[in-house]
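Below are two complexes that have subunit A in common, paired first with subunit B and then with subunit C.
Up next, the complex of A and B:
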């Protein structure tokens, strides 16, 4: 499905277009291309619904010509063809064709390539797409994001509000013709940043001398700000998101919840965050509580929305690699790997053998240090303030030191390139890596287990807390360790193999508890499996010629043939996908990040209802989110 | 009886009959400013407050290897009311900046702000983002800027020592928090169609009244 087609004939200007005519530039871009061939599964769909409704789409997947039928198609895919989980949902703005395309990727939970389907609506917001939340509850946040950034409406969505921006924000920022205050051109490098040219501050160029854009005639005296929208009202009403019944506040207050003494209790609504020591960054939870018991919970996201995707569409292809480091900033190189694999697929190139090994070594070391961090901070949330975290930060620092000596940076490594990696390991660095993998880290993991796994307090606090069944987890598009902790062995390294993972002998550990304790233990098991992969990789890497780390010539300016791809990798947090659309130019036409932290949070509401407030904190810790990836 | 004075030779003070003999070798003379600043600079309570990637390096700085506690700065307080240093460690977004300003207003004087990393200093790699504030100094007075993306723990420690140097130079006579009058309060920005800085509301009103002369905004809102 990810085949690329050579550039049809859609040349785009290489230089940034003159600022005087930006509109003309947009209409130049017309990434319509060759139509995809339908896979046998898609043929089944076509036979069932007829050729009028199901047509091959450009490059990838099929097009549902009538947006109103999308839910029927999804239901058919789920129930008849067994695509149980919605991996990715996003939108693309085809300005020239006056259409917004909604793109869906669904997957078999047993593995295999994802299936892609699309539908198109006009840009004028006249048509609403049926929400997929009744079929795939995991669509909830993704649809809200599309609404927020593209202004596409979804009918029957349980809670269609802005998610990353605030209510009242002016415009749909991801649309191609929406320009940020500092807009300078469609492609980088911008003129003002050209070395030797004039280094004009962005503030000097823009009307408000700041990164703001108020609509003409805006009068603050009459404006009523309401950035939260109706979140509190909606929580008073209770609500029925997916098959989750939340009683309205009145009945909830009568029902005596969490009180064995028969006392009548009142419910209150409390804000936790965005500045709260337990929320792992700037996440805000609005909780409705009855005493200590949570009766409803809603998340408010976007406090770290850094416009990754908008900036990514202005960047050149190469520019985006360091930005991916800043997505999930704990595991930079795992993100880079997903992105370069996607672009390599579109360019039709393959990295060298040695580069593949180096990537795997880096990605698995990243997984280990990320899990160290996750476990340390889960313990923080449990109240073991800092002691366990200090132990694991020490170990993590050793891995980070290796990263730094190879790549030059501790966290933002910017290491991978299209067709290879930036630097080779020296023999000393390889020796250091072996020492870590064969000696130091296994012992550290043993110590971790001795310290924590049988600890009575940890068990009392975590066993049975935050349970979610396998069916619900799959429906919520949960991925990563949290999904494997309910007994679903879904790991992209096996489900949809990439790089050279098919060469290594390793297991996908699964546990069946589905609670916080198993989410902790699965991470320990995964660290051990990563060590197995690392041992093999470090043994085999000597068979590859040293220094052979880049296929083809190093280049600064990449042209990616027109096409589309959805590339996904298994990062420590779960499935990280990049949906990339190229029009043959030097920057992406669409650059979407399917981030596991963001989508895993969709299930947070169901996991926490009925639990104690202190447990909500622990559940959040066990999901192991990173806000950079949640809000992007 | 004459007062002991700082300009007296130290020997004279030591031998003053009012100083008990066992304390003879423990007398030292200093100014109140020095004593006050000496204590303050070694017991900063930073706010437990992380925004983005830079916060990870801040945690590493507090962890055992770099060990912020060596400088007496390790007591991170989650509540702004107990903190006297705000480390803005990460990208300041428009959605977040009202809360940051509110937190700053809730901190008691004396209070300091460190802008850690490129984002907090200027917007950094995300400067052109539509939801990104070009540096926290657009709203709060910053005492120390630390470059880097992210700054290494050593760089953060260096920033701390720079702030210590700054504190050393302050004098009780001139610091703002012992002066009369209200403490400075930064108006909390409002989230409207875009971020509204209330300090600029006059300008905003003026432009609203004269829409023809206002330069056309470069973005054409589509909704």
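Up next, the complex of A and C:
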């Protein structure tokens, strides 16, 4: 894509914000903002690698000055300091400094704050960063995403292709100077709406006019797409992601290889999805099968991609709250909670007590209804069509009826605000919540267990299926119930506590099977723990003054002080993180969503190889992904 | 693990219970609850362990008061004027930027007048977030409860102009009684404050001018404006 004017990148002075000082531009200062102080752990790294290589980074973490050395640093962090899992990896485009910054967050699996480190490469794609996949296999999809959206290259990556955009896409859409097809302005609110009073329909803006950039020599009229060529080729070659050896597929004249049964069979490549109910949305699985056995699997993502992060950077801070509902649309309020906690941390405000309780109540009810949903559809994937799913949807409906009566919407709740929540519960709504928590849901969970837990067919289909060991799960950055089903008690509510979870008495259940059956059972156990939290929260909330739900004055034009943060919460799917960078203006400079559904999918390949085709569907169901969050 | 198949039988007992419960609930309903509690509400209550289906569109669930869908503009039915002052806050807080407002300018002074000339909401883009209603300082825009909005066209039908957006405040009072009561209370409080200020002024003036004992200006306290019957 042709580089457009650099002026487009600075947070723009186009808005009439009342008494707007020229929007703060951190992009102009040499090191952006104040330098972070090194924690003792970072000191150890600095002593080991020397001060020339390890320097304090602006705001948070340390900077590895030579990008070629990041893998060594990561190895040291993993092996010497025990940062076993890569929580988050993303990039930020500092246009004015002509740098793309790659940001890593690594965590101890025992808990604690994540450690942040960064490295910088020039924007001209001349320098490749060593891929972290040999150290943390969980980096695979995240690096592909960075490559896809920022054009940063990673050397030795097993499969560096675009992941969310299609293969033939031209340009790096998350760069600050990239403009989308219906581009109107860098930041909202747009002047054209008010005071301008005009607006154009998307249809009226001709998409193929000057809003769009075509690569030189490209003619849409004659172009024939072959976006799948690469993926099929890579499947034929076999090859390995990480230390997973997949033999190449012989496609010669006598393309038969011995199967385990002693028969000579063909291996073929089959597409599952994207339009199929078993894929929980629009996900495509390309599988190489030998008879019924899967010998290789690749995922094709991005069918629901709308560049949520770009939209997030155009939006004001407040605008983003309802958008986060649309990430994992089954658990809107859990996402909102992560985002508002991040922004509150940067603004240095705290919500009121009552708001904290309301948030926890909503987040835990969300967890219960999400797990009901997940289990119901896991059963669908097993072939128990809709009887269990409908029983659990009934229970879920009672919960979202409550959401509707409080927030006004069943799923797109838009309930959390910076420093509080939008509405208080009325006494009747609290009574309804208590009725659900103390009477209805415990019974429903008992019934669920009676219906399913001992069922011999379910056991036969799920025990031992989709196993992944604890070590591999941690390496793959797997989070959420799937990680806890293999004996790792990693839950952000305890590992890196937020909100008021430290006040409640609850356990992090773990199971050790690591298969689909335990992933089902762990969700049941977690629902019971959520009920425990809810019982305490509903008992304690009466001690807080009713109506006190917003700290400070309610505002719509927030200015967030320059800085950055990585805020993470435990959603029903796993660790949801928001990496936010502010330049002091009304809009985020960078808004990154570390989505658990997306990163959990990284491990899907290893889980399915060697399993039957029908089990791939079940394994996917047990991961419990939501495509709105995967593709963003 | 017990005898093979006991787990399945246990599960089937659950489905059987559901089956029986459905008839039991209907039976109970016929017995004494009919006419007291509408069937859809009962079916969707946490007390019902039977079938939950509501036969939409023959039966409808009542909507909670907070339910929100595409917004509407409020017209004061006492004065007949729109409450909107075209301050532009709703257009600024709207996340998908689907509100656009043309301001009125005074033909003589060329200064903006606080009433919108045009007010559009592109209802195909509106994400029903409710920010506009939440942040409007004049209670001039509120969320509607209509949800059967399909139509045959994209532009004339779906881009709502001021005409189609405006609804009388009696409608607002009918669908949002709590919110309306709050508004009325605030209005009454404000009027009361104004009245007190005026009274104090009058008293001061009277005291100043008075050689003779002044009779109190307008003594009868105004009754707070009652909500109009919807």
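Here are some notes:
FYI, the second predicted complex is superposed on the first by the 566 of 632 C-alpha atoms of A that agree within 3 Å, B and C clash if a C-alpha of one lies under 4 Å from a C-alpha of the other, contacts with A are read in each partner's own complex, and residues count from 1 in each chain.
Operating definition for what follows: a residue touches a chain if its C-beta (ideal position, glycine included) is under 8 Å from a C-beta of that chain, and two chains touch if they have at least 3 such contacts.
All values reported here derive from a predicted model rather than from experimental measurement.
In the superposition on chain A, A:50 makes contact with neither subunit B nor subunit C.
Applying the stated contact rule after C-alpha superposition, one finds that A:315 touches subunit C and leaves subunit B untouched.
When the shared chain is aligned, subunit B and subunit C each come close enough to touch A:397. By the document's definition of touching, of the two partners only subunit B reaches A:304; subunit C does not.
Judged by the touch definition given at the top, the superposed model places A:323 against both subunit B and subunit C. Legend: residue contacts after superposition of the two complexes on their common chain; A:414 is shown touching subunit C, with no touch to subunit B.
In the superposition on chain A, A:432 makes contact with subunit C only, while subunit B stays out of contact range.
When both complexes are overlaid on chain A, the residue A:456 reaches subunit C alone and has no touch with subunit B. In the overlay built on the shared chain, the residue A:40 is in contact with neither subunit B nor subunit C.
After superposition on the shared chain, subunit A has more residues touched by B, the comparison being subunit B against subunit C. Shared contact residues on subunit A (touching subunit B in one structure, subunit C in the other): 203, 322-323, 394, 397, 412. Every residue of subunit A that touches subunit B in the complex is listed here, in rising order: 123, 125, 151, 164-166, 168-173, 175, 177-184, 202-203, 206-207, 210-221, 223, 225, 227, 274-277, 281-282, 302-308, 310-311, 314, 322-323, 326, 329-330, 389-390, 393-394, 397, 410-412, 627-628. By the touch criterion given at the top, residues 1, 4-8, 10-11, 13-15, 18, 44, 46, 52, 64-68, 88-89, 91-95, 97-103, 117-118, 120, 122, 127-131, 134-135, 143, 154-155, 159 of subunit C touch subunit A in their complex.
Residues of subunit A touching subunit C in their complex: 188-190, 192-199, 201, 203, 315, 318-320, 322-323, 387, 391, 394, 397-398, 401, 404-409, 412, 414, 422-423, 432, 435-436, 439-440, 447, 450-457, 459, 554, 556-557. Considering their complex, residues 48-53, 55-57, 59-60, 63-65, 78, 90-91, 93, 95-96, 99, 103, 123, 125-134, 138, 149-150, 152, 190-198, 201, 204-205, 207-208, 211, 214-223 of subunit B touch subunit A.
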